[in-house]
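The chains carry the letters A, B and C, assigned in the order they are written, with residues numbered from 1 in each.
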Amino acid sequence: MENKKVAELLERVRATKPLLHHITNFVVMNDTANLSLHIGALPVMAHAKEEVEEMVTIANCLILNPGTLDVQWVQSMNIAGKKANALGIPVVLDPVGAGATSYRTTTNLDFLQNLRIAVLRGNQGEIGALAGAGGKVKGVESIGDVANIESVAAEFAKKYGAVVAITGKRDIIAGADSLYYVDNGHERMAEITGTGCMSTTMVGAFAGVEKDFCLASAAALACFGLAGEIAARTAAGPASFRVALLDAVANLKPETVLTGARVTRVK
Amino acid sequence: MENKKVAELLERVRATKPLLHHITNFVVMNDTANLSLHIGALPVMAHAKEEVEEMVTIANCLILNPGTLDVQWVQSMNIAGKKANALGIPVVLDPVGAGATSYRTTTNLDFLQNLRIAVLRGNQGEIGALAGAGGKVKGVESIGDVANIESVAAEFAKKYGAVVAITGKRDIIAGADSLYYVDNGHERMAEITGTGCMSTTMVGAFAGVEKDFCLASAAALACFGLAGEIAARTAAGPASFRVALLDAVANLKPETVLTGARVTRVK
Amino acid sequence: MENKKVAELLERVRATKPLLHHITNFVVMNDTANLSLHIGALPVMAHAKEEVEEMVTIANCLILNPGTLDVQWVQSMNIAGKKANALGIPVVLDPVGAGATSYRTTTNLDFLQNLRIAVLRGNQGEIGALAGAGGKVKGVESIGDVANIESVAAEFAKKYGAVVAITGKRDIIAGADSLYYVDNGHERMAEITGTGCMSTTMVGAFAGVEKDFCLASAAALACFGLAGEIAARTAAGPASFRVALLDAVANLKPETVLTGARVTRVK
């Protein structure tokens, strides 16, 4: 039954072409712009204080990804975020490398405090670090699991009124009263940079067309994970996997999702 | 007859290896640097106020692409542009997302006012917005056609003394007294980010070796469109198309251009 | 005998997963982040003054690549470099485009003066320009050979106490008392942007696990060149070569290195 909703949301993204305003990191800008197009959305990357408010006004979702943050960019993210909040446009946050430095941890906690975040999408280390639950991050990589990650996520979701989407072998999506598992994906996805950021862009595309952000996040991650499974069948290595992954997102059909998505609604 | 000129210009780019000084956006830097090499030019990306004047002095073309603009970068573009003007080095402008925000529209109009632009390369939405002719831009995407785009382009070309090159299903290249059509290209080119920016880099490479900027732009867009047609034959999706497109530019032979270019000189 | 050491170091990188803190240019960030993962290291790109000292503290190597430098980024590089020096973490410098502008030349000489650089990795033009030995650089490309490059490198290595690794048809790695040649590689590597920067990341990965920086550099460049040779066998053009190159780095086996590396220890 969940799969039908996932397929329906995929079709909705493609029909609606939501505009995704990214203020994001330098490493993944090209990947996430391309991914946006491939899933059926329109990307724009814009960070100038002079235009972020006007740009976000026409967007369907604002994606904040402080992966290569500095003071200027963080200011722009706050300005855009406040405007998005005022307009009721969902804000998706990717706390890249939270836990690796106190600057990253603090900046992301400030976002959670000062902005209304629709979805916080990170790995176990990042979410664990933000929640003060002992997440370990080396650079931008999560190392080691966090104990009781599901309840950590659920509590964090309640505290900040945000859906918490944790990607990993099993993706866990926790809202105030909901919990989803997504078991799609492939280990190759950890062999390239930016799959975390890409999954956030996927979440942004779906959150741009569906106000149930828990469902939107689960659907987005199922589609992305399924594309990863398809791509892994032919890839000769991680770089050709990356190309195949982007192709697979573009070529993903609702009927493939109907049979291939592995989404469980726990509550 | 036009095709012979296109083929000749392609050979000239490869023989001359023009240095293309880009001050460009973060999303496409890697793509446009690679494309520069593949067409036979040399790229350099440099934006520091401390060096742009010295860098542009050794360049054959300056490419300004404010796709991820902010105040600092716009200042550098102006400094470099003035120096290029003083030295007679052609300046090619890509007004990415003009029309989407007033900051983008104003910044690009200021460039046109304050600098001598050799070629303005944009999509219909961007050019229509700058010309006040009702261009519509969503993010950085042109949505919907502009009425009488050819005369809009011709008038704009006269007003600013710049060649106006509009890419789309049919590319339109308008100078003060000339008009070219280019009918090469493939719809896959709209499925990836940065093909607009790449076409601007192509124009820059050709404008770096040929002072008839109308002809140079038409030749550049014909070669790029033709490479797109070749790439589309084998691509399994947009990401593999992107790889194939770059390969096709590098592998493009003058004899392929002789038979494959679809350039019409209207006047 | 050298090959055995190269294979052993490759295994050590994969076993240790050194964290490579990059402060690098916008053009290659994605490539070098992916390459880091593919060789077996962990990348992090972080440039904010607020976090570079904390980030470098957990790193195994700091890679400074001022390819798209400006005043802010150079400041961050100095801050991170000083911290790395204080902690004994090796600093690898890639002087992209030194010689093209005085700003680039001066900035890189300042780094050499003010920081303890473990390895300086550049092309002949860049190293020749920094050494005042007549290197010629067009944009970021070396044009023409430098006379007596080996003794230039050796003297420069002595002057600054840094290993000087010069990539080209034959790679030359000069330390105070050592000299290595690496004859791996393929001409296709010059057809894409960023192979220089990627080779620096390779050097950083190996320097992160081996304190004999001459040996580490030679091993890194042999592995990278060998991957280039493997990739060239199947590539249809430069863009598919780039994908194949990254795949080949990821798939490179110690036993392939044992037979394929072409490393000569001259002294």
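Keep in mind that, in the parts below, contacts are C-beta pairs under 8 Å (C-beta built on N, C-alpha and C of every residue); 3 or more make two chains touch, one makes a residue touch a chain.
Not measured: the values here are computed from a predicted model.
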item: Cα superposition angle of subunit B on its copy subunit C, in degrees to the nearest 5; value: 120
item: Homomeric contact subunit A-subunit B: same or different residue positions, threshold half; value: different
item: For subunit A paired with subunit B, centre-to-centre distance based on mean C-alpha positions, whole Å; value: 33
item: Subunit A: positions in contact with at least two other chains; value: 26, 30, 242-243
item: Touching residues (chain side subunit C, partner subunit B) in the complex; value: 25-28, 30-31, 67-71, 97, 100-104, 138-141, 191-194, 236-240, 242-243
item: Subunit C residues within the subunit A interface of the complex; value: 19, 21, 26, 29-30, 33-34, 36-38, 42-51, 54-55, 58-59, 72, 242-248, 250-251
